[in-house]
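Have a look at the structure that comes next, please.
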Amino acid sequence: MNGGLLKTELAGISMNTPVLTASGTFGFGEEFAEFVDLSLLGGVMVKGTTRKPRRGNAGVRIAETPSGMLNCIGLENPGVDVFLQETLPRLMPYHMNVIVNISGTTVEEYGVLAEMLDVPGVAAIELNVSCPNVKDGGIVFGTDPKAAASVVKAAKKWTKKPVILKLSPNVTDIVLMAKAVEAAGADAISLINTLLGMEIDIHTWRPTLGNITGGLSGPCVKPVALRMVWQVAQNVKVPVIGMGGIASWQDAVEFFLAGASAVAVGTANFVNPHAAMDIIRGLEAYLQEKKLGSIRELVGKMDCG
Amino acid sequence: MNGGLLKTELAGISMNTPVLTASGTFGFGEEFAEFVDLSLLGGVMVKGTTRKPRRGNAGVRIAETPSGMLNCIGLENPGVDVFLQETLPRLMPYHMNVIVNISGTTVEEYGVLAEMLDVPGVAAIELNVSCPNVKDGGIVFGTDPKAAASVVKAAKKWTKKPVILKLSPNVTDIVLMAKAVEAAGADAISLINTLLGMEIDIHTWRPTLGNITGGLSGPCVKPVALRMVWQVAQNVKVPVIGMGGIASWQDAVEFFLAGASAVAVGTANFVNPHAAMDIIRGLEAYLQEKKLGSIRELVGKMDCG
Amino acid sequence: MDLPKFSLDAEILSQEQMAENVYRMTVHCPQIAGVAQPGTFVQMRLLGGDVLLRRPLGIAEAEREKGTLSFLYRVLGKGTAAFSRLRPGAQVNLLGPLGHGFCMDLHRPLLVGGGMGLSPLLFYARCMEKRADVLMGGRHAGEMFWTELFKPYVSKSYLATDDGSLGSKGFAVSLLPKLLEKGEYDAVIACGPEIMMERAAEMAKAAGIPCQVSLEKRMACGLGACLSCSVDASDGTRKKVCKDGPVFWAEEVFP
Amino acid sequence: MDLPKFSLDAEILSQEQMAENVYRMTVHCPQIAGVAQPGTFVQMRLLGGDVLLRRPLGIAEAEREKGTLSFLYRVLGKGTAAFSRLRPGAQVNLLGPLGHGFCMDLHRPLLVGGGMGLSPLLFYARCMEKRADVLMGGRHAGEMFWTELFKPYVSKSYLATDDGSLGSKGFAVSLLPKLLEKGEYDAVIACGPEIMMERAAEMAKAAGIPCQVSLEKRMACGLGACLSCSVDASDGTRKKVCKDGPVFWAEEVFP
């Protein structure tokens, strides 16, 4: 690593590189420790955490689609208590930015979670208001600007950590959502979460997934994600963390040019466990080749003259 | 063709098969006459037609994306007068259902177009309220239930032909849109139009497409299209024409099971000019194998028990 | 203890069709061959095709000296069909070895396998050096190439086919009570359809010996990160088949 | 008159590298070879890979007796890179012949080609049986394998490279005024970068002879249906490069 070129800072979090890993696709980071130098990542957005443990959805949880996948994990996780007592201490030796992705069923629960996670070792919290795979709440916070704003306010009130709001792409007007959460005090915005999709098994005439519908991710969603990042980045002042289908450093460059200050790698981790490392190396070489002194010189530089 | 199995009727239009071709992907049908028996199709949804001729967008108009494509043709067409005087008479010998896809910039214009097209040789009109690639209007009719409803009313008032409303997937609540246009009198609903996406050329730092953003179509969007068809079909009584990424008869079967009464083939026509024929043959063989007497026995039969 | 894991391209040395829709692929991959244990698996990725996710495949043979791995797989859908079209000289990417394998600390295990579940048992039988017997189940005689594969490595083999075209007619597990009667075996090691493994587990329990089973679930990461593959364990916790398994003691996962 | 069109799988007979990133692929496709005209093209589709849309390629050679077609193409992106990895025996799907070719009704045309634009001119030269001369432009000597390819079919060839490593240094069109001076040619047939064709058209006009050009646009359908490829014509109408072209009289499309 030719130190420095990729160093950045986002919402007060200092990052060795602007490449993070997306929630739900990278476990707690430790699962990938053999393939990725976790301390080089901008951060690991850990698996969605809830107040109480959740078993997630029954039945089949993933399906492959053209250049993508559907999932309906349904926020399976051991709950915030186990996270704080067992997981977080285990992550300390990795020296990585741990960004905790949280989901609540009420506005208050986001506040409670935010407060519980206001502890050393947590770099930031990411509010997931858009998990398409759980029935009790969540989805409304992700599609209604007022509800999303109230979730941000609740979290901001109870934590001093940076609060990142993660937007759902399943909306008519992504800019409206982004402006609402910015006004409510979000320190950064990440997007996109998964698109809602489904598959039917034509042999059994039943939905493939246990939850009928699931979240679409992977390269197939990249054009939509990139468009939303571009629209949002132009309209807010807080930094945007772009994600959705990023599988190569070239994809990442597109997101930076569209206005993302950092990117997160999701589904690609399943295809190639060192995808994030490959992207970091590729970005660095690209900056060197283009004789750019910092990744920031790319951010938002798309020229639509 | 083992006659009859695929015969169907939709919004009063009798169709030899429930397989149509999607607007903008099949010209006026004649371009594909060497590869497809046009009279076997349920209908040809011809290229989007407007009151005045349109040149469409400048610059690059298509880009390939993972399992899909972006387009920003921008409704290039010779205008309704040329369509009526030159194109329609030329299509007569093909004995196909000509469904004219129309776009207006005002509610009134939809009425004017509907009236002008209320002529022999036109089987139905399809209202495109969702072209993402033109700036003057269109998009608002596709994302606001009231506006969409008023477009349907205007068209219904001026034509006795069946009126099909084509929904945009770029909305928070597709069911709300569908219910609104059903209540306004739409005889059928087709969905989905393209998802809004973009691509950036990392060599030039410019958007690939002349119009910056474009519409995403092809296999990559199938999971989203199928989910929307399923959601809408459960909530409206009018028939649904399903489209979005259909490339094989297996894909088509999924759409029927999800509740579509007919399907339309779009991007797949570019990949395989006889895609629609292959789908017709595959569906017929499937019905025979399953010992079903009619395609209707598939419609909406997904079992989510 | 987790085994060290590798993610690397491996050259295909041979690809043979064993029966209708069943293939054996052998690849050169000394790193994984060097550490793989019977019951562990790899996540195989197609390079440059239109298959996105990896596909889990058990390891059927690992020859440490030659640095080769073999897989026996059935063509089911898009991924396995694409694998079967690859020719020697082509490459696949392997992530592995993944998960935990079968208990090696046994003196006289009885292997019970059905269909492609026989694949990891083959590797196990070989490591047991004739100390294991095998009870095989398959659909019909055409699939019983397995007999030949197991012959060099097991002491005795028994078999049943659904249609009776080879061996006894019916389910392999039906033969189990009789085989366990003599008290010769110190464990049952089962891999195959879930219903078969459940019955094998019951019978082993009745016979008073332990039983291991190998579960199958759709997998994305294979590393314990995505929770695509989690199952309820008997103790009320959740287990990840890819990481905590795929091999479990029957009582860990069956009620 | 439109040519009859086919959409069919064709076996690759050979694939040779001609220069850095430039390949010649020969396929067996008697149906298209039987009717193709110089200047027409095919839409080539990769079977079973991760490339969705077809890619337009001009026909460089069509041998009616052998039923073969050749393409000369440069690897630019994902599609052409995938083509270049295919080996003899593999198949591609061809849709063609598409569009309208060059005017065959000429006695002594001068062909002006730059880069891969030389490919369709090769087919044309061959049909003209030594009645044509060719003026070739390329980046450097490494790309001038073209000279050898044209030699058997043209009467004279002239060439220029950007770096002067072969032939004259500079743009090929700069040589044009001198060549047209004698009044020997009855038309200029140009294919290459748009700027080159525009200049060639101007010079032909100045010399008082007609000029044809072959346009390049991104294409989806290739059949005149999708309007991916439309361009403004001088008469104010819109033309579809795939169907109305790719070959146009210069005055139809250049101001």
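A few remarks follow.
Labels A, B, C and D are assigned to the chains in the order they are written; within every chain, residues are numbered from 1.
Just so we're on the same page, a contact is a pair of C-beta atoms (placed from the backbone, for glycine too) under 8 Å apart; a residue touches a chain by one contact, two chains touch by 3 or more.
Predicted, not measured: the structure shown is a model, and the values here were computed from it.
Contact with subunit A and subunit D alike is made by B, C.
Most remote chain with respect to subunit A, judged by CA-atom centres, is D.
Centroids of subunit B and subunit C (each the mean of its C-alpha atoms) stand 48 Å apart. If each chain is reduced to the centroid of its CA atoms, subunit C and subunit D end up 55 Å from each other.
Mean C-alpha position of subunit A lies 36 Å from that of subunit C. Across the assembly, subunit D contributes residues 50 that each touch 2 or more other chains. The residues of subunit A that reach two or more other chains are 66-68, 218-219, listed in rising order. Interchain contacts close the chains into one ring where each touches exactly two others, per the touch definition above. Contact between chains, using the touch rule, shows up for A-B, A-C, B-D, C-D. Put simply, subunit D touches subunit B in their complex at residues 4-5, 7, 45, 50-54, 78-79, 93, 95, 218-230, 232, 238, 243.
Partner subunit D is touched in their complex by these residues of subunit B: 24-28, 31-32, 34-35, 47, 55-56, 60-64, 66-69, 71, 73, 76, 218-219, 267, 269-274. Within the complex formed with subunit C, the subunit D residues making contact are 48-50, 82. Here subunit A touches subunit B in the complex through residues 65-68, 70, 143, 170-173, 195-200, 202, 204-207, 212-213, 216, 218-224, 226-227, 230, 245, 250, 253-254, 257-258, 301-305, going by the rule given at the top.
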